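Per-chain residue numbering starts at 1, and chain names A, B and C are given in the order in which the chains are listed.
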Amino acid sequence: MWNYAARRILMSIPIALGVSIICYTLVLLSPGDPIQSLLPPDATPEEIAYLKKAYGFDKPIPVQYIYWLVRALSGDLGISLQTNRPVFTEVMGALSNTIVISVGAVMLAFSLAFVLGTIAAYNAGRPTDKIATTIAVVGVSIPNYWLGIVLVIVFAVNLGALPASGMGTKGSTSFNIFDWEQARYAILPILTMSLVPLGIIMRTTRSAIAEILNQDFVQMLRAKGLGPLAVLRHAIRNALPQVMTVMGLQLGYLVGGSILVETIFAWPGTGFLMSKAILTRDVPMLQGAILLLAVTFVTINLLVDLLQTAVDPRIKRT
Amino acid sequence: MSVASLSDFTAAPAKDKLPPVRGYWASVGNRLRYDYLTLFFLSVIAIIVLLAIFAPFIAPFDPTKSSMAYRLKAPGFRNFILGTDELGRDMLSRLLWGGRTSLLMGIVPVCLATLIGGALGVTAGFIGGRTNTLIMRTMDVIFAFPSVLLAVAISGTLGGGAKNGMLALTLVFIPSICRVAESATTQVRALDFVEAARASGGSTVSIIRTHILGNVLGPVFIFASSLISVSILLGSGLSFLGLGVEPPTPDWGLMLSTLRAGIYTQPLLCALPGAAIFITSLSFNLVSDGLRQAMDVKS
Amino acid sequence: MKPMAETDFANPLPINTEDPGGRQQPMLLVQSLQKHFPIKSGILQRQTGAVRAVDDISFSVLKGETLGIVGESGCGKSTLARLLMHLIIADSGTLVFDGDPVSEMRGISLRDLRKNMQMVFQDSYFSLNPRLPVRNSIAYGPIVHGMGKIEAQRLANDLLNRVGLNSEIFGARYPHELSGAQKQRVNIARALALTPRVLILDEAVSALDKSVEAQVLNLLNELKRDFNLTYLFISHDLNVVQYISDRVLVMYLGQIVEIGPVEEIYNKPRHPYTRALLHSRLSMNPADRVNEPPIGGDPPNPINPPSGCRFRTRCVFAEGVCESMQPKLDNVAGDRHLAACHMTNPSSGHSKATS
């Protein structure tokens, strides 16, 4: 297993490199000269040439990429055109806010989905199952940016019970989820975000539990006279690793794909940051956010894979 | 037990006693005929597609003609059956026209990605070895981006517009389709009938055409059909962020975004384009599920 | 041979009557054939060993005979069949087909070899393309060899009729609509479509019910006579091999341990492994109970086969010489019966060695 873990970690390195190449290429392909944004509009050709040399823009592209990569590895992702602060600090600050709602959403989705999925599997084909599967399909079909708006209409506009947007901390980055005054702001984003993972985790749970219930060893347990609760314990223990894996992957998707939900709720995470960067054409910020999010996604996937290998005795990878 | 003689096989049984000979696709079609849920949502899709195609003839107003006097009117106001948007344009006409761009954003990228990803996957799966490693590791890199992030990254850096949006979505879907095609091909390639075809002296191209594609396209189509719903959601999402279709072109995602301005005065209006996206994506999802079930049965 | 006029088919089926090498030339001559599958492990996936699936095998197949190949599962029988068909590329060794070495440079090309030598696979869900009507599966080979589509379909129909399936009823059917025995008849028809001279039957009847197995075996015997065929019959079923074979080859861990005429192998086996195999057969007589396993343990790992004689770890007669020296495949009785055992070689130094 350690051998597998070591290889799996090594295998992530070329993937992370590939990710960095894509991020770099995207900026190359983007319209507009990067040097232009660093200069006053009335810069002389000499000044432009000087700056080009200073920033290494006169070198061939692969060399420029290496320079960029070395700087990125040391945490230097450039300066935001909008805020004039280092991109790395800005993105890392926002990342923690994104992780707060993503983890919240996955936990909410998991607890609901696991119960519903198990009930559905036990009632396969009956109305309960149909209702549960319908919720799952709706969960993955609903545009969550629309759901967010509907939730705002209901809870913020009509009922006035919850805040419509923002984080309520007024610039402070230390968000405390246990403080109700602050946590209120996270409720709608978390609800909105949780629907897709809810659907997917429920589907996985349902099929995993149903599959196990049909297996010979469970029939055997029943034949031996085990009560339904004891059988359920076996079923859950066998289904859990698979469901946890899906849950981990969903967490990765939420962290990486938070832009829509965060834009609706003006939640100051990475997605909101990107949304603003797109509007203001703040390319260094956009590039830095994409790179850090992709690397986070790769890392989460790696951790999920390793955890699964460690937890699930059936997977013996060599 | 009595032993059947050779004549049991040669003697022609009465023809009408045998079930009709049915090809694979014909039997899939037959199973779908009794799946009323799938048929219902299939007709919903058909209606949405027809409405979008014939929007120029059905729409009561010009979808881009604005009027400062009639901004954000409730449904039923004057001749505006579904009301007007924040610039006083007719909602119904905009929804009908918007279906065109939203459906295009949903279907075109999936078709393109199926062609490209399918070809790459079959090549990787059939040839194997270094070619497989090269193609699949490249796919892994693209796959290392969450789909929303990649779509936003591409259209965000390249600039908005429907064309870049479709390009972004195509790139997002290629790796997953490629993986499905690759694993199906790898599985089929090892089966006895492919070995037998090779033993008969068939060339690579001939074996792929006659023996591989027929067995790989099914799973690829099932998977691709499930992506249409994702593509509609993502495409509208891009427009919502201002990265897809550019105003004043009507598009469901874009309408949702601009109507947020009227969320406090006319909340219902804001819900309409979202509902259109939801119904379309739900229908595609359920039809894809029905198709999967109809195609899954082995015999 | 049955005259073709007696059959009720419209077109006489083509029979390959070519014999460029002459009667005396063996159909197949296999020399030092070897295939090791590499095993990779470790972080860098370096090759750390090899499965010796087929390890230095030499034998010949005579014209018109049926050579049975037996052995436990995993002994390399199927790998051998695929090596002969060139579906897997051998590490080393040569194959001579009717006097012509198989090579693109001189002798017979791979394409011509495959026209002359065909293979029938074990019946499984995937022995026939599930998306093609069986008639098209049969016609595929002739079409890729340049036959017109209509002509190929007609040939496929004739072949279906010949293997006992009414082409009007079965031709347009899909594999999942056929029983195992019917599919196996289609598989045989497919192999015959290129008018081969040699058929390799890899576990061709093993998956069938006993009740229909005999019919397929009889069909094979008939076809062999009518189409002038040579068979390589691979099976783990000793009774079937005894019934159909002229000569039998016994394999153990990628090597030949004994080869000889069927009566000699079954009545006077010389290698302890062959004897053990034959003892393991179930008897129809309930009085002949087998209470003890004839061989203990599992076959050793083919990755690191035992030194010397590969069977020594399970052989009751194993001695020092068996560990230090690999026995050669040598004549034991006449020049047609060969065995690889120190006990059959008087000069080997084994205490039980006899002449």
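Please note the rule applied: a contact is a pair of C-beta atoms (placed from the backbone, for glycine too) under 8 Å apart; a residue touches a chain by one contact, two chains touch by 3 or more.
What you see is a predicted model, and the numbers here were worked out from it, not measured in a lab.
A comparison of C-alpha centroids places B closest to the centre of the full protein.
The most distant chain from subunit C, with centres taken as the mean of CA atoms, is A. By count of C-beta pairs in contact, A-B exceeds the other of the chain pairs A-B and B-C.
Look at where the CA atoms of subunit A average out and do the same for subunit C: the two points lie 56 Å apart. Centroid to centroid, with C-alpha atoms defining each point, subunit A and subunit B lie 24 Å apart. Centre-to-centre spacing of subunit B and subunit C amounts to 48 Å, using the average Cα coordinate of each chain.
The set of subunit B residues that touch two or more partner chains is empty.
Multi-chain contact residues of subunit C, defined as those touching 2 or more other chains: none present. Shown for subunit A are the residues that touch two or more other chains, of which there are none. Residues 14-16, 18-19, 21-23, 26-27, 29-31, 137-138, 140-143, 145-147, 149-150, 152-153, 157-158, 252-253, 255-257, 259-260, 263, 274-275, 277-279, 283, 286-287, 290, 293-294, 297-298, 301 of subunit A are the ones that touch subunit B when the two sit in their complex.
On subunit B, the positions that touch subunit C within their shared complex are 1, 3-6, 9-13, 15, 18-19, 21-24, 191-193, 195-203, 206, 210-211, 214-215, 298-299. If you check the complex, the residues on subunit C that touch subunit B are 82, 85, 87, 110-111, 114-115, 118-119, 121-122, 124-133, 137, 140-141, 144-145, 161, 164-166, 168-169, 172-174, 176-177, 182, 185, 187, 190-191, 193-194, 211-212, 214-215, 218-219. Within the complex formed with subunit A, the residues of subunit B that make contact are 137-138, 140-142, 144-149, 152-154, 156-159, 229, 233, 236-237, 240-243, 253, 256, 260, 263-264, 267, 270-271, 273-275, 277-278, 281-282, 285-286, 289.
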